[in-house]
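Remarks on the structure that follows.
Residue numbering begins at 1 within each chain, and the chains themselves are lettered A, B, C, D, E and F in the order written.
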Amino acid sequence: MRNDGRQPNGLRSVTITPNVNKHAEGSVMIEFGDTKVICTASVEERVPPFMKGQGKGWVTAEYAMLPRATHSRNHREAAKGKLTGRTMEIQRLIGRALRSVVDLQALGERTITLDCDVIQADGGTRTTSITGAFVALAIAVNKLSATANFSKFPIRDFLASVSVGVIGERALLDLNYEEDSKAKVDMNVVMTGQGRFVEVQGTGEEATFSREELNELLALAEGGINELFAKQREVLGPIADRIRG
Amino acid sequence: MRNDGRQPNGLRSVTITPNVNKHAEGSVMIEFGDTKVICTASVEERVPPFMKGQGKGWVTAEYAMLPRATHSRNHREAAKGKLTGRTMEIQRLIGRALRSVVDLQALGERTITLDCDVIQADGGTRTTSITGAFVALAIAVNKLSATANFSKFPIRDFLASVSVGVIGERALLDLNYEEDSKAKVDMNVVMTGQGRFVEVQGTGEEATFSREELNELLALAEGGINELFAKQREVLGPIADRIRG
Amino acid sequence: MRNDGRQPNGLRSVTITPNVNKHAEGSVMIEFGDTKVICTASVEERVPPFMKGQGKGWVTAEYAMLPRATHSRNHREAAKGKLTGRTMEIQRLIGRALRSVVDLQALGERTITLDCDVIQADGGTRTTSITGAFVALAIAVNKLSATANFSKFPIRDFLASVSVGVIGERALLDLNYEEDSKAKVDMNVVMTGQGRFVEVQGTGEEATFSREELNELLALAEGGINELFAKQREVLGPIADRIRG
Amino acid sequence: MRNDGRQPNGLRSVTITPNVNKHAEGSVMIEFGDTKVICTASVEERVPPFMKGQGKGWVTAEYAMLPRATHSRNHREAAKGKLTGRTMEIQRLIGRALRSVVDLQALGERTITLDCDVIQADGGTRTTSITGAFVALAIAVNKLSATANFSKFPIRDFLASVSVGVIGERALLDLNYEEDSKAKVDMNVVMTGQGRFVEVQGTGEEATFSREELNELLALAEGGINELFAKQREVLGPIADRIRG
Amino acid sequence: MRNDGRQPNGLRSVTITPNVNKHAEGSVMIEFGDTKVICTASVEERVPPFMKGQGKGWVTAEYAMLPRATHSRNHREAAKGKLTGRTMEIQRLIGRALRSVVDLQALGERTITLDCDVIQADGGTRTTSITGAFVALAIAVNKLSATANFSKFPIRDFLASVSVGVIGERALLDLNYEEDSKAKVDMNVVMTGQGRFVEVQGTGEEATFSREELNELLALAEGGINELFAKQREVLGPIADRIRG
Amino acid sequence: MRNDGRQPNGLRSVTITPNVNKHAEGSVMIEFGDTKVICTASVEERVPPFMKGQGKGWVTAEYAMLPRATHSRNHREAAKGKLTGRTMEIQRLIGRALRSVVDLQALGERTITLDCDVIQADGGTRTTSITGAFVALAIAVNKLSATANFSKFPIRDFLASVSVGVIGERALLDLNYEEDSKAKVDMNVVMTGQGRFVEVQGTGEEATFSREELNELLALAEGGINELFAKQREVLGPIADRIRG
């Protein structure tokens, strides 16, 4: 039994509330247990300099935590004047993951920025962010499709992510903060609706893992991600049917 | 009639939801119409270097907006690597205002940091932040009082704030964003439960105002602030009675 | 009697020396007692990006103190790599105040930057800066008028500023540093030659003030500002007559 | 056949030259084909603040590329005033990987910093850095053991790393720059001498990969890493025998 | 004849006004023609970390130009967030030059910081700064000697500096801005009262110079510097006699 | 006898290895004893903004030390977020020196950036950098001449640099680190193949020097630089003959 009563392969309670921001083209509040992230999708009719003139769009992400999202207060990165390595790593991951299911050609010369702001953290903020940002992105692209005259819907497939890890000898799905801090191996997995991997990031901090453990963790992640796809479909309703894949 | 149907002296719908963050010692989500701010109070058992050894506490504030809190997306200050002048000005104001009703001696050598993070903006974010931060502060101080053995409750009085402004020839209470962008005079007023001023900041951007207009605006603000005190009392319940003043 | 022998409603000795800089389009050294500020006005034939193509001009200000302007040496902001909140707040105030009396349309697509550098500080540096910067601005605009073919003189009215405050129970005009550090209420007032307010910033640091005190302070400020207008007129000579209002 | 004539499972020519720096406690120049990295290990007799008083040591890494290490010149991060996300991600990876085989307790309150400076880049700079940094670390720890009176040799196992990727339909070992830029899947694998994983980072940029591809890539990486262990042993000579595992 | 009527070996009109700042331990306004620099000396009863515990003092300098010290306005370094290379080079030069005539042992564990702020620039700001800073330093050390119980006066010798340069075929003393911008060789010389060199910095920007030119420039500098020593003695009065050398 | 057995007028062993970088248009590894610097020349077909439209080229330099180039490890400037004054001073010197022998008109609208990265430091890194950068520059310009259709070879003369200093009473050529740290006078001299000076920077840190010492140091430098020209000629081979002068 886990510290919150879950089975090893159990997700925390997942809630995705769409349209929580009146300004953004797409938005959700996503909750994995006590982890709460606001994801907004902002559309701009231009691309960054390195993409200009290619007829393609761009999808990027930014990630932050409110100072008191965590047990003790963190200094604001804005006050420190720079992003931590952790933040940069996470926002690069979110952007890269989302781009894997976007047809940038079909999107045309536009940028969609996904802001993932962690309101409260209890483990798994990066995987929660990816899962929520995908829904905000789909809402924004759907809204855009009313005016943008896309040749085809620019989202090719579903995308979701979950963390898995090893505590003691057990592989567990969707670690909360307490579990995460005890895990000897931590893995973040991002998959598409077609069951293909986008990112597999397995890490042993002061520890290592075997091929068997890796396989067990991947299987666990796959099960959890399939549940997340069902949640995303439910929230997206008819938009879900426009997503190819 | 105003663009949202209010009377000139009407506040927007105000909601204060306490305890929205499981980690913080005190927290609220405060809403003034579509303006939504999360205020958290974080207690540390030490004071900044310039306050050391005086036996007194410190109260300070930080303020930020999520990038898509506004109509079009703003760059993150953390990514830009520095705070804007506007942010600095606002967080200095919030901290100074809160300190005016705190008995720093009674608080003892502790720092309470109020983080005001604007989730969605529709005008009046600084006055909303002050009004919400006061409640988060009171919750945190009350919680602290269970263990801190205060000689007296360190909050001396209530504190709330509202904006007022002149549009055309009319003085209006609690401007929303559309009104604010048309106002020729903009004033932020902070008052205590005893009806005394803490801050009066009246500004004419490319405009000026007379003594009569100033008086009319102050009267309007006073009326609105009294309504806010009632909201704060309601949310604080028995904690309200511990506040002196 | 005050620490320097003044009456409660007495200004310090005020001197405004024009044309102290051979490069700048307008310049003054302004002294309020021991507070000394060099104000220079620099004209550029372009506007910042956010103002482009509107046919209007821009007026902005920057403020700084020499490291040893104060009793003990301060670190240079350039060495620290960023402006303090106090500096940003002051330079935003100076720019906003000056713009209230400038007809940006009449000025045309030009930027005038007022640099206010405090050579020696003894309280009231921001109000001294506004009062001196106005004169430097008027000199620069007058010089510009020889070649710029203005439809009308782009300065609409006089502008001056003074601080007032409450020490003990007494309201005092034009606080010096020693008084300022004892004041429980501090107010900066900016007014036009027509007797209208541009900025009223009243602040109680760990204190509050009543409506009556506010009124008394405003009356005191108005008296002082009228004396400052006379000083400005004297220095400006014939330029004073070109200022509308 | 690959662009440089290698088999799919062939490493580039790997050279590890020890003791290339007369000041550092440990150093190597490591070459994977045209990728050249200088790795130095610097020992300090103190730990960072967050590790103080635990009786344990710390191992950390920094990574950089000379501006002209790459085909076209890059701006210096020092001149830009901040590290890129890529640099932070890589140096976090190197440090984390090395710590997985270090017995920080046995090391005692010391910090060893591994500097990995890429002199010339042709793909695989992060995996080359890890493989070289391990050797520099072992040399430094061995040198330290002469005076430090370790209870046991603080390096528990060998550590090496290689990149693998998918180009077209083929899985390839140790991608050079030209291959890397065509790869649809890119994976960095770090393993211990015992054949356990420390890091598995598989990424599809605008692409995805199946479980079968993942398995094939891991097998390829394992083969290459075993060859790297042989190279490391050869360079380390008698030091290799002190490494546990 | 030079553009301002001087002989090749003529200094501009030099004025040194002592005690221009009421807060600083020592201060002067120094003018070389239209170049005007305020130099203040600030004493602190501690040394920087790298000097601690050696029983010796430290002398350092900071240099800046007001934005409109020059013909067209420069951006503030504080606003840009960093010092230019030119500023750093100059302030390192000033500090190093001053230390050459200070007996740091006799000074004891104190830091004296010389701030050189250029109010108006017309060439030669660094040499003017050194010449003025020396006087401000001597005033401060003399003031300190009343309480510090020095074993001997900590200033060993006089120090002054001047620029020389080659325009066309002529060597000229004390270049003004117009001359400086035409010079093919520019040299800054710092000397002691004993006639010894402290710094000789000769530079050809896109040009070179012969040994004969070098000798001619040094002779010219020596003559000018001797005149500066006379000016310094005059201003320092009885303090001059306390300076050894 | 010096600490490494050299005569007062003896250079350390100097080695210049050309073409050490496969990407750069020109490159060398230069060694002065244990001081090792990689110099690369990077050509871009554009000039910086301040040079645009003049039909002239630009030559600039950047300098850095690897963290463990020195006896104890230095913090990376990239991690600190800014360049030190020392670095800025050195890279300004290198660029200025190189420009003195380049015909920028003949070069045309191109920028050549010389990166001087110190791999290992043992004194004289700035003079070693200049001497090596000149060779890298010549190689790059020669390569460019194959396609650039220069009216004349854009390098006008040879350029080399060496340090000299006074230890005790003796003037010494080419100081190593141990000597440099004991020197009371330190001088860096840059000369052209024609025997003319480009830079003479003589500095006494807490010391001074006479005209005779200056002359002796210059003579010593001239002798060493002539030896360096021979080394440069040898490495450059036929390219040497294209250099005018």
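Basically, a contact is a pair of C-beta atoms (placed from the backbone, for glycine too) under 8 Å apart; a residue touches a chain by one contact, two chains touch by 3 or more.
From a predicted model like this one, the values you see are computed outputs, not experimental measurements.
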- Query: Starting at chain B, how many touch steps does it take at minimum to reach chain E?
  - Reply: 2
- Listed pair (B-C, C-E or E-F) duplicating the A-B contact set, over half by residue number: C-E
- When the C-alpha atoms of chain D and chain F are each averaged to a single point, how far apart are the two points in Å? 33
- Please work out the Cα centroid separation of chain C and chain F, and write it as a whole number of Å. 51
- Averaged-CA centre spacing for the pair chain E and chain A, given as whole angstrom: 60
- Message: Using the touch definition from the top, which residues of chain C touch two or more other chains?
- Response: 81-83
- Note on the structure: In ring order, starting from chain A and passing to chain D next, we get A, D, F, E, C, B
- The answer for chain F against chain E in the complex is residues 82-86, 88-89, 91-92, 96, 99-100, 104, 192, 194-211, 214, 218
- Message: For the complex, give me every residue of chain D touching chain F.
- Response: 21-24, 27, 34, 38, 40, 42, 44, 62, 64, 66-73, 76-83, 87, 113, 115, 117, 119-120
